[in-house]
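Shared between the two complexes below is chain A, which has chain B as its partner in the first and chain C in the second.
So, the complex of A and B:
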């Protein structure tokens, strides 16, 4: 197991390096002179020069990359020319909010998704199954940001039950969580249904039934246990959806997280923050995927370590 | 499998038929927008901004007094264009890349797969956002970004099938009689990929429309006064308290269109090959 983890980490090095190079280049390929763009229209020549010097934009590209990697190794992502705060501080201030939102959404999506998926699989083609199927189809076809606006319209404007924006109490968390959970919930529910259905057709389920076990035990012990591994994989695969959806959800509900920081920085042409946030999220995503792979191997003895 | 057989399969699936009807309607609206739109989608009338639905303006007026229905009808053109262009970019680059990767294998395969790994190291929506910010914020660049982000999906799909096909007897026979590698890929490999590619592209158009609307909503896609569905939601959201119809209808339109494409895509998959895993 230790060897597998080490191997998996080593394998991720070229990908991580590629990600760093890609993000580094993308920010420097902005049309026009990045220093001028960042300084804004009213900036003096001195201000532009100051930004150029601070970001080393006056040096050749390979030298810039060397300096960038050198700073990165120290955890230094540069400073925002807009707020003058270190990018790492800007990220740190919003990371917690994003993590909380994603965690609650994933939890909600997994619990409800697995539950509806199992119920659907136990009674396939029943009314519940058809309804769940329809709802999840609509769920993946809806723009999450529009769903968010409709939530605000109904629960905040019309009923006045829940706050429409910002953070503070756990009530603030309700609408963004449900909104962000929609797509993963639909996917998890559909996959759980097909995984459990597949398991239910296996010989050992017939054996379990034949020896007189109550259906409840057959499903809970024999079916769910074996459907668990593919379900874990699907839950893991939702991380990408969750990170992407968070950008939109945070924007709708004015949730001060990383996604909103990134979009605001893009619109304000604050490229050091864009670069830092994107890099941070992409690196997290790479490690989350490694974690899921490791978990998968750990849970399924049939997957070999090599 | 002939198209008649596919149609016969599709006809039995009610949800897929519903999807087909929605998609056909969407395409017709996009094509005949100037004939169907009751008003000019850009004509403003500030004095009558935010008016609720009436006989003259079936879906009401937006925050600048423009006719919401007419804007939605013209918006279909934009969404259809987005869907088609992103699929052309994604498939146009992804299919050859996947075919080359799977057919030649070895070092070529390794290099292409590592590049794809790097693209997949980003959550897809995030990569699209970053690409747009690099290229410049407008609808054309949003289409390019979404197209580029969908390259890995096509490349992976085509590579997998090509790996199987290249060792099949008739491909070996084609090689034996001296057909060039390019000839084999174009004549024997790509035609066999048609079914999964059609299914994938239908679903991809749905995704592209959702993402383009998302980018426009964030201010990273279509800009005012373009009647793009996501941009309409973005500019109307401030008026959600007093004129909720401005944000309700564009979202419903997106949902129905995307649902139609998803239903059709699922139905086509079942009709073309039930074992196909996408």
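So, the complex of A and C:
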């Protein structure tokens, strides 16, 4: 297994290199001069040039890339010309918030999603099934910023039960968690339903039942374990997504996460922060994927490392 | 069993909804508060006052640091760290008597040496000072004695005193600069009424009262600034009691919020002027008659009342009323007939085609604004096409030099940090300020205006300045390099029982005098 993980890690190097080159070129292809934008309208021409020099934008593209890679090799992501803070510090200040929100919302989405999915699969086309699938359809299609605002208006402004936005106590976490969980919850519950339904038709389920096992054991031990592979895949992908892609939720609830940092930096053409954040999230993606592949083996005896 | 759970969930949801409709019940217990939570639209970038250029950052640094002079609640220049000042008759030498007994929060004593250090740091090309234009008139700083400092300018500059009130010209502790180096922006040390207690980037900045503050002690012990990007969320935070002051309230919410008994809404003039720049090199717009026609074609009052819901004021001069020395020269009235007549005189009885470029989300209702202007122009036969651009791309686009400029008619705004007319008229209308370096984006050039604006800057006799600027304002209005539109109003909302908050026209808040009413 150690060999397998080492191999996967080695394979991730070209992926990350590709990400680095892509993001490096992409931020530079977007129209808008970072020096002009970050200096602001009232800045002097000399200041605009100074920021251009700070970002090495006065040098040819290959030289810029070389300098970026040189710093990166030393583990230095650079400093933001906008806030003057090291990029690692900018990411660090948001990482905890993003991770906490990702875990709570994925936990909520997985627990409820798997539960409703299994119940729906066990009693397909029942009232519960139809209702659950309808609700999850609404969940997938509801715009998050609208849902979030409705949550705030109801639970904070009207009822005064929960804080409207920001961080602080665990209560601050409730609304963004529920809001962010809706889409993955709907996906997980639909995925669980179809996977369990499919597995329930397999021969080994018939065998298990024929052995006289109670239905509860058939579902929990035999069906669910095998149905879990696609579910885990979805959960894993959502992990990466929610880490950097929860921008809308973060905006509505003023939640200081990585998504907002990235979007703010893109809008300000803050190249070092954009590059650093994208690279960081890409690394997370790669690790989560490796972790999930390892998990497959424990869940499904048919999957082997080689 | 499962059905029961589902039913229970539905029942709970209905109960929640029902009680929600029963009326808000978010009243907090009436304990004596000594803190304020301010929700701003964007985050603070940096707290090195010399490096900042954004208003949210300036609002914060103005509570940590002191400038030599400042604006009071009536927008007059008043002493702060400088107690008195005098300029030489030629306006080139400024002598400041400094306040005694002022200490930075790290114990450093404030004196003439400190002023010299700060001004020299502001002028140092190695230090990133975005608003260096607010100080680079200084040639030399001399320490006369412990509490007297003399600044010698490169040329006579009348608005110099006003410039010293800019948040970017605040006094930093020299010891802290030496200690923290590049990280001074995260470890600010000033002499102001508050100091930083905690800063969680992107989340909150907590200021606590500076107990050693030389001036009147603030009544409020803790001020928390939170970046809340969503306009509606800021409103909800105020209504739910999670924020005490919110800025940038959307104009459409003004009426509704004014009816809320727990909320005080302040709508006041700001110095942000909004206008459509015309590229005078354009084949049609180079003719002043065409530019005047465009001014006659647009109904400014209707824009202010209809689109901005009253959160603006149609301008009647290139300079705003709040700025010295404003002169009312009279706006172009809404007169489409006259517009058509002028277009016919210029040789375009059937109009022509134009492209309007504009940003979105930058100025109040910017998109609806240009859509209205497109309609007004259509009325007089000008077929304008709208091109929306994201701000960063837009700013780069309009800041191209004349030979590369593809601009025709485009929306801009200007909101200087000082209330001297120089910072409005000079950068926007003098021919030496063409892009890429300057802000005269339409390439407007009138030698007489150039001379008048230069005179207004260099003479220190107030009456002469007023005369020069007055004449310049008349000429600019007549030349019509812009479609003159309006100045924005800023809407700030706060808890009803919060008193003493000062809202300055430069879109800044002063909270040192704030207190909770009993």
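Here is the rule we go by: the second predicted complex is superposed on the first by the 286 of 306 C-alpha atoms of A that agree within 3 Å, B and C clash if a C-alpha of one lies under 4 Å from a C-alpha of the other, contacts with A are read in each partner's own complex, and residues count from 1 in each chain.
In this text, contacts are C-beta pairs under 8 Å (C-beta built on N, C-alpha and C of every residue); 3 or more make two chains touch, one makes a residue touch a chain.
As the structure is a prediction and not an experimental result, all values here were calculated from the model.
Legend: residue contacts after superposition of the two complexes on their common chain; A:149 is shown touching both chain B and chain C. Look at A:55: by the touch rule set out above, it reaches neither chain B nor chain C. Once chain A of one complex is fitted onto chain A of the other, the partner contacts of A:97 are limited to chain C, with no touch recorded for chain B.
Counted by residues of chain A touched, the larger count belongs to C, out of chain B and chain C.
Of the two partner chains placed by the overlay, neither chain B nor chain C lies in contact with A:195. Of the two partner chains, neither chain B nor chain C is touched by A:109.
In the superposition on chain A, A:285 makes contact with chain B only, while chain C stays out of contact range.
With both structures placed on the common chain, the touch criterion links A:179 to neither chain B nor chain C. Residue contacts after overlaying the shared chain place A:22 against chain B, while chain C stays out of touching range. In the superposition on chain A, A:273 makes contact with neither chain B nor chain C. Counting contacts as defined above, chain A residues 30-31, 145, 149, 152-153, 157, 251-252, 267 meet chain B in one complex and chain C in the other.
Within the complex formed with chain A, the residues of chain B that make contact are 114-115, 117-118, 121-126, 129-137, 206, 210, 213-214, 217-220, 230, 233, 237, 240-241, 244, 247-248, 250-251, 254-255, 258-259, 262-263. Contact residues of chain A toward chain C in the complex are 30-34, 36-37, 39-48, 50-51, 54, 79, 82-85, 89-90, 93-94, 97, 119, 127-128, 131, 145, 149, 152-154, 156-160, 163-167, 251-254, 256, 260-261, 264, 267-269. Residues 2-3, 6, 16-17, 19-21, 24-27, 39, 42-43, 45-46, 48, 51, 53-54, 125, 128-134, 136, 182-183, 185-186, 200-204, 226-230, 232-233, 236-237, 239-242, 390-397, 399, 414, 416-417, 427, 436-439 of chain C are the ones that touch chain A when the two sit in their complex. Chain contact summary for the complex, chain A toward chain B: residues 14-16, 18-19, 22-23, 26-27, 29-31, 137-138, 140-147, 149-150, 152-153, 157, 239-241, 243-245, 247-248, 251-252, 262-263, 266-267, 274, 278, 281-282, 285-286.
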